[in-house]
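Two complexes follow with subunit A in common, the first pairing it with subunit B and the second with subunit C.
Moving on to the complex of A and B:
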């Protein structure tokens, strides 16, 4: 396993998939809208709510909320559609006939979508700075940076899982209906403590919950001393999701080859 | 190089329950053939005959239900990873390319996905763009390309890693005559470079002029296989010998038939008066009876003698008719 990770070809394939997705995202108006306009609108709306109601101390929530919403929304939108998009344009069959393992290409593409979604965070911060003269207060710079890296890994893995699951059905866009539920359960919109007690354990099964906690630890809006716990939680739950994603991917791609559904059908 | 043995592929119509086995559609039903290195092999058949399914199985995209297929001695299911680096595939049509990227990027990414370095991919991409006369459109988005340009880009992309075996699924489909001719020239060049090519087509004259061997598939079964000439010869039908004279035929057609020993078959001989003279048509099987016809016409001035054998299209249609396809 380790020797395979050291193989230059593996990294080259990941990099190619990564770059390909960036090129495609830049050329696709829907992604541009999801990454740049949606977080900007959301940042302005939440910023106005807090400013008008005189609760400017909560502007951090607006930045975190709008930024992370943009990151997750654009990434999950892009990732969930990666395999389906390739299938719709008839390029999945081409990818399946190349030398590069399809899993690595899809993983690289999902990573590309994750990094592209980071612009949402930058946009929400820039909008808040210009519109509300807001400056982000980062309590712990290293933890904040770590939270970004961990978020990207988490987003990639969840994207990979969604991407693979989307192969099972051609009504994959129904997955998007659950995004808002995930955002609520992850504590992105409001703290998890406000949810019914019986639902709260479920929230900790979502990798998004842990990465958002770590992100807030970096900003100092939750207990910053627990950043290691949040990092460990995030990595552990992401590892489980990666395992599941790989298993689901292998199963659905094998099924697609057997049922001749790699192409448009 | 390619060995296919008793290949069977069943499809379940979309939205059907797996348990309903009776609704399965058999796309390929025990097809066997082999393709030697360096040959241009054509797979012919009507729509729905199973040609594309065959290509998809050989290119490792679809698994067979039964039977086996081996390429370079490797099984298409178990050793697909060994086959993929050595094959190039052009499914053709409007799909299969990144429409939002330009032609150059489509080729460069294809090269990189085939494991070629960035610089080499770029150099190779420009080389192919030039060869396929797409260099002026290299930096235009593929969604602005015409059908012919996309088709050429498909074929160019499958050559980016210099594969040993090339699959072309209806490469000239939907192209105008000039674009088709250009693409056929390029395919011939690929063959001259020693590549083995397997192509599917509906165009019989294309298959006749290009392919070394053809296989005709009808209703998922192998209807005929061999060189185009062998398939044409296998047909038990007549050929036509046509003789143009500078003047009116001075003798009765029945008498000419009698001289040729055709008294029992009136339909074998016909005569047509034209502005420039007379055209006599003689239907025959086997060797063309040129000498006996010239002798029968005695001292008449013959302007032109032509023979027209069975075309591959006639043979193909006859075979399909026999099989009820």
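Moving on to the complex of A and C:
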């Protein structure tokens, strides 16, 4: 395993996938919209609501919420479309049969999409600063940086899972219909204490919940001393998702290859 | 007259078939409708966190009615863009079919879908917020909803006629519902905005209709004629303006032979 990681080809494959997806996202208006415009509009909406309600102390929720809204929307939209895109361009069969493992190609591309989606956070902070004179107060800079790294890993892993699922059905994009469920359960713009007690345990099954708690620990809007707990929770749940993503990927791709269905549903 | 009626029927039928292909009935109920209900709940929870139960109730009603924008406004634009992208627009504008009637037919189907969606969402969510309209209020609500759907379709046609020859059609179109959410009194009362903003958005579809719906749901059945008439007038104006821009754009494209490219 270690020797394989040392293989230059592994890193080259990852880097190529990463670079390709980054370029593709930059050149595609829809991704630009998801990363730049959607979080900006969300930031204005939530910022206005908190301002007219006189709850300016909640603007931290708005900035993190709008940023993460863009991160998740753009990255997962891009990730889910990776295999679909290869299929449409007719390159999926080649990728599946060349020596570079397809999993690494997809991993590199989901990482590219994840890094590109980071701009959403910058956009939401900039919009809040301009529109509401909001100044980001970071209580713990290291925890904030850590939260960004952990969040990127989490988003990449969930992207992998969605990407694999898109092989199964032509209606794969309908999975986006449940994004708002994820946004509600992860307390994107409000604390999860607002939800009924009976569904609160479900919130902790989502990696987004842990990422957002870690962000807020960095900003100091939740108990900052618990950042290690949030990090551990985030890593643990991401590991479970990675395991599931890898299992789904292997099963789905293997089945599609055996049944000669890589290029069609 | 018969040809116009046939064109309207063709519009309804083609919109129905395309929507059925994009969204089979089982997916509508299993994923799309839950998505819309969850979307409404998400924004309502934000309002609850920001301003308590009163603001949450305000946002709930606003977001339920705003759901009408997705099938009407967005679909009208997307279908126009799809016509051009898939090469049907050339046939539509060169055959003697009444294009306005065809577009009207499509919007009738989209409005039917929107009304069904809003009714289901309202039936599930309004009782949760303790809002139970009277029978008369509900009947009037249906009428206002139809008027709102008409004006949102007009908005969709206007947006579509502007963006259908650009590369950024999806980008601009996807921002329209957010614009409506922010400025049309969906989540934030218009009284919170400067007067000139409130006055300006009264010329945007949804604003007047939504105000009428709020009155109806609180039991104020009389005194909404002005708001309904304003919504109808705004919708008609958007339809006319949208079709005029579409006509000019199509003529320009035909004369220059550029209808099928950006």
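One rule holds in what follows: the second predicted complex is superposed on the first by the 261 of 265 C-alpha atoms of A that agree within 3 Å, B and C clash if a C-alpha of one lies under 4 Å from a C-alpha of the other, contacts with A are read in each partner's own complex, and residues count from 1 in each chain.
In this section, a residue touches a chain if its C-beta (ideal position, glycine included) is under 8 Å from a C-beta of that chain, and two chains touch if they have at least 3 such contacts.
Given the structure is predicted, the values throughout are model-derived calculations rather than measurements.
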Contacts of A:259 with subunit B and subunit C, given as first, second, both or neither: first
Subunit B versus subunit C as contact partner of A:105, first or second or both or neither: first
Partner chain(s) touched by A:142 [first = subunit B, second = subunit C, both, neither]: neither
Touched partner set for A:16, first subunit B, second subunit C, both or neither: first
Partner chain(s) touched by A:243 [first = subunit B, second = subunit C, both, neither]: neither
First (subunit B), second (subunit C), both or neither touched by A:95: first
First (subunit B), second (subunit C), both or neither touched by A:24: first
Subunit B and subunit C footprints on subunit A, overlapping residues: none
Residue numbers on subunit A that touch subunit B, as the complex places them: 9, 12-13, 16, 19-20, 23-24, 27-28, 89-91, 93-101, 105, 257-260, 262-265
Partner subunit C, residues of subunit A touching it in the complex: 29-30, 32-33, 37-38, 41-42, 44-46, 48-50, 52-53, 55, 58, 61, 171, 174, 176-181, 183-184, 188-191, 194-195
Subunit C - residues contacting subunit A, complex: 27, 31-32, 34-35, 38-39, 41-42, 45-51, 55, 167-168, 170-171, 174-175, 178-179, 181-182, 187-189, 192
Footprint of subunit A on subunit B - complex, ascending: 9, 11-12, 14, 53, 56, 59-63, 81, 84-85, 87, 89, 91, 93, 95-101, 105, 109-110, 112-115, 141, 157, 161
